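Taking it in order: structure first as structure tokens, then the write-up.
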Amino acid sequence: MDFGPYLLLASLEGAVGAAVLALTALGLSLVFGVMRIVNVAHGEFYMLGAVIAWWVTSMVGGHPALGFVAAMVVSPLIVGIAAAAAERLVLRRLDYDPEATIVATIGLLYVIQQLALSTYGADARPVAAPIDFRVQFPWFGYSGYKLCVIGASAVMMLAVWLVLTHTRVGLMMRATQHDPETARAFAIPVDRVYAGVFAIGAMLAALGAVLIVPIQQAHYLMGHDPLLLSFIVVIIGGLGSLRGTVLAAVIIGMSDGIISVFFSPTLAKILATLLVAFVLVWRPAGLFGARPA
Amino acid sequence: MSSTTAPQAQKVRSAITRRTALKGLAGGAALAAAPGFVPYIQAQSSAPLKLGFQVHRTGIGAAYGRWYDRVTTAAAALINEEGGINGRMIEIVTEDDGTDPKRGAEVVEKLASQHGCDLAFGTLFSHVVMGSSPRAGELKLPYFVVSEGHHVASGKLNRYTLQPGITDVKSQVRAMAPWVSQNLGKKVTMIFPDYAFGHDHRDFFSEAIAAQGGEVIEKIAIPPTESSFTRYFPRIPRDTEVIYHVMVGPGVLTFVKELGEFYGSGARPQIFGFIDSLEAVDIATPGLEFLEGTYFWEGMPRYAPADAPEYETFYRERVGVDANGASVSDSKDISTYAHMFGCWETLHVIKAGMEAAGYQGPDDRVKLIEAVEAMTTMPAGRAHPQGDKVFNGKTHQVFGHQYISQVADAKLSVVHTASIEDGMYPDETDYTAQPF
Amino acid sequence: MSRAVGLHIAVLAGLALAQFTLPEYHHGNLARIMVLAAFASAYNITFGYAGMLSLGHAMFFGAGLYAAGLAAEFGGIAAPGGLVLGVIAGALMAAVVGVLALRTTGVSFMIVTLMFAQAAFLTVLYFGEWTRGDEGFVIASDMRRVLGLDLADPATRYWAAFAVFGAVMLGSLAVARSSFGRVLAAIRENEERTRMLGYDVFRAKLMALAVSGAMAGAAGAAYALLFGYVGATFASIQYSILPLLWVLTGGAATVLGPFLGTLLMFYLIDVSSSFTTAHMMIVGFALIGLILFFPKGILGTLRERVVPWLP
Amino acid sequence: MAAMTLLETHGLTRRFGGLTAVDGVEFRLDEGEIRALIGPNGAGKTTFVSLLSGRIRPSAGRVVFAGEDVTRLPAHARVMRGIAYTFQITSIFARMTLLDNVRLAVQRRMMRGWRGPDARALDAAAMAVLDRVGLADRATGIAGNLSYGHQRLLEVAMGLGLRPRLLILDEPTQGLSDAEIAGFVDLVREIARDATVLLIEHNMGVVMELAHRITVMEMGQILAEGPPEAIRADAEVQRAYLGG
């Protein structure tokens, strides 16, 4: 294929990847920003979102879109409740100690994964796309649903941004992020904010998963990759910086598509991983994050 | 620890004469037909024979493991119904290896030392085979793998490791080359996962197609952690006549769907894939319509042919699979039909080998291996529903027919059956020269 | 000889004697557990004593594993040489990673080590021509010999594992009781204060990481040579998390904790896998339960309540 | 006192973003003296001593200690040259015993490479230091259980364990009772017999009682310097600091 169309395709692919990644990483970033903890089980919430989406769509009959819309609502809701429960039962008791939280969420990762294996099984199962049309370019065809994913993700991120900046809930979150002690003094229920943020973080991952599941399949080990990529994005974007996260997701998503045009893909992955390590070593606040005081 | 060594050495010697005698009996069928042929009678035990089954119940191999498990259970039930082996029932002792080579080695130890199994069998994923096989060799435990890896025939493993139930990847791939080059095209682009299994395909097929006057013009290796594939497709050269794809793991369906989207309704090269890319996946899944008219390698045809022989139907029935390759209890639960017969046939080879060796207990393990090594041809039948086979005792590897099927009306139908000879290649090792 | 040293000698003596009484299966298990416990002990040096939570120790274990494996496969270097190479490879890798990663602390340190380990894992796959990637390769049996003894022989294997574990455990004990060990503990408790007492904190941490890397490399090389298989699985993330689990179970910053933790988790999985496929769930619950109720692990809790002199 | 110069700075400057916390400071400290550093909050005193001890790097300027330019030396190397620093906010090893706390300091002085001194010599030296600050009878207690005043003393003891040539005390009497302050003053006098002391202090009674000379900082610069009487009389200091 000629270089031009090739690049177009790589960019389209990159944009789809970036759209889902941004949503998922946003969840991780929000949790890190407000609660100062790293949720290693984030990828499993993503997986859970996909698995529940499969369940919902297979129970709802009729047009695939019906099941998909139901999944859009039900899946994040269940995942959010599960996350809030985990926050209550485990993280709060650890007093959100960063290292203890990592250990506990590793444990959570195994528990959720195994739960999925024993109930949902080991197969990768597809979910029908809510809309079925293909865009035929002169050089190649492209899934119309994928283009919709980009739009849907953008809308959802906009919604998150609006909630954070224009609502009382968002204000409480930002106040808690800024200084939990002072927030408490202003009668902000910090405990509930934490539980809420943790749930919302997981729900964003679940939303990303529902969007992806008509493209990829639900599988009990699918959480691994989004976790690593989200890590990368959140770090490059600056820990806790939401704008940085979205920006980094676009950069990583797009470059992942384009780098592999030039390098052996495995080599490209090695380079990308090393890049993240070096960014953290030399700019601990990430590329777009504020420099630490 | 190895207190059995000395007495074993003597039995080896007495077994050699037996083996010479067996050779005259021309193979598995005769052996199976003569269960009473035991030159000397050992103390008969009525306790069941314990066959250790190393299965992938968790980890990346779990989807395959489930069907290996079902087929093994069905085969064992059949063997027991028919009177067991040497008059003894068989008991399958199952241990999950987590599709992990470390746990695999531990499981082999556990089966041998704790459960006191007579042998171990059933491993699929190559890395688990590689991790476990040295331990089996050290424990002197016969280890029958069902992996289709080339590791056994390459000589990298040991005398205790055999693969008599399924053809290895080198043979499968070579058997495809003549038909592909004659019917689909000579300029091939390969898409494969960037690790050992994919590299085997790459190397063996490149060699085989070159021998047919064809050529691999592009090799696209996809990292094993990849979950979206479209961006690799532009690397397929325009003058490609055949795309050869083989993917494994949970991302396979995405891969095939995206390949379809990429070509869409436009002109496309011929597409030939290994069914590994769609094992346990329904061909009628939405998004796979474009596969209509493309070709697949199948280890054993998933959709029952109209003229299926009695033994094929019998096997299908016993393992609980319908004519479309799905579970009889759930039509959405597609089997790993192209591979799982290996467990069935392996158990029957074990049965034939044990009967030929007059196997009574762990002291006869060497005799069992020698008996299997002595096998040559295995005729198609209830014990070998996939078709007749030739076993190479030197390389411990079996060779069988391979099938090429075309997708038509969202079903696979066989268009070519490769001969066993198409998949033959020169021996790379001689395990029989190794001491026990 | 203090009672602390006495206790450790007694444990080693017990392990040496155990091999004459254990049934075959547990005999083999214990050999494996000792090698893995050496890996856990290596992890304990950085995590337990120096307070650095690494999520990348699989790369040091892997460095030792591949150093020994590749040396045997392509260099014709047999077991003792392979072990030495493994130690060097582990230490070297740790030193290089340390120089970079130690510029960060806390969560950043975890992620940097995780990323380096992931890059190392992918590198193994990338050079599949030599490593055979995920499938790995089997080490020829004539490479697995020490002084004419076959490492595949159960007794020899047990003694070799015992030697590696004994050396690593005594090394840990020496570190724990040395002035270097006290400095590491000081860094763990209060890094800034330690610096202002004149200690080169960076160098001390680097040294701890290198020692840990050397030990992990020894364990990796021993694993390759004793069990005959080298594969990418051992460099994957899972093998960075396992030593954390083992150390947490047994007790961080205790010399015997890593062994106890490895032993218990091994049998927990081994026994539970006989009746459930959900053994990883048990691991998950164990991690959560430990961090919630016994953050100091078994021996750490014991030390706090009963035997304060435990090193 | 025909003293030699122990420490001097030339044009020492530290900027944080747009803020210049320490601005071109020229400073000299004689061996054997007790110097007090005073100034209003935010004058840059803690930043200044942090530059001396090496905890933070200067943006410009030089630090010379005992004739050697130590500007580029990291903190731990300066400690080895003889600059000890006690933190403004108590910083001890709270989960260790007092003896262990002091041992760590003493050990550093007695170490050769990573080889420490033998246990008996180390214990004796550490006990001697604890005795000097009056904490010997609590040696086996856990540091974190001490009262605040005693923790301050332990912090000084760690400084002493290093046998420094220059001991920098950052607000050592903050939060102490009057009786504790009196004891502390005696202790500093005693320390000053074989070390130079630079102390940041807000308690003017302590300053006047202890200091040989006083340096007054304001807005990152040295406003005045001289013996206590002169500073007390200095109108500018009065305005800037004492009464405003």
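Letters are used for the chains, namely A, B, C and D, taken in the order the chains are written, and counting of residues starts over at 1 for each.
Rule of thumb we're sticking to: a contact is a pair of C-beta atoms (placed from the backbone, for glycine too) under 8 Å apart; a residue touches a chain by one contact, two chains touch by 3 or more.
For each chain, UniProt lists the protein as follows: A, C = Branched-chain amino acid ABC transporter permease; B = ABC transporter substrate-binding protein.
The structure presented is a predicted model; accordingly, all values stated were derived computationally and were not measured.
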Which of C-D and A-C has more C-beta pairs touching across its chains: A-C
Most centrally placed chain, judged by C-alpha centres: C
Chain whose Cα centroid lies at the greatest distance from that of chain B: D
Chain C-chain D separation of Cα centroids, rounded to whole Å: 43
Whole-Å separation of chain centres (CA-atom averages), chain B against chain D: 76
Gap in Å, rounded to a whole number, between the CA centres of chain C and chain A: 33
Centroid spacing, where centroids are CA-atom means, of chain B and chain C in whole angstrom: 36
For chain B, residues that touch 2 or more chains besides their own: 58, 194, 223
Where chain C touches two or more other chains, by residue: 122, 125-126, 277, 280
Junction residues of chain A - those touching two or more other chains: 114, 117, 264, 266, 269
Pairs of chains found to touch, sorted by chain label: A-B, A-C, B-C, C-D
Residues of chain C touching chain D in the complex: 178-180, 182-183, 185-186, 189-190, 192-201, 207
For the chain C and chain B complex, residues of the former touching the latter: 23-25, 27-29, 32, 122, 125-126, 128-129, 132-139, 152-155, 227-229, 231-234, 270, 273-274, 277, 279-280
For the chain B and chain A complex, residues of the former touching the latter: 58, 60, 62-63, 65-66, 194, 221-223, 225-228, 230-236, 238, 250-254, 257, 261-266, 280-281, 285-287, 333
Chain C partner contacts - residues on chain B that touch it in the complex: 1-2, 57-58, 95-96, 98, 100-102, 105-106, 109-110, 113-114, 126-127, 130-131, 133-135, 137-138, 149, 151, 156-157, 194-197, 199, 223-224
Contact set on chain A toward chain B in their complex: 1, 5-6, 9-10, 13-14, 16-17, 114, 117, 121-124, 126, 128-129, 132, 134, 136, 140-143, 215-217, 219, 221-222, 224-225, 257, 260-261, 264-266, 269
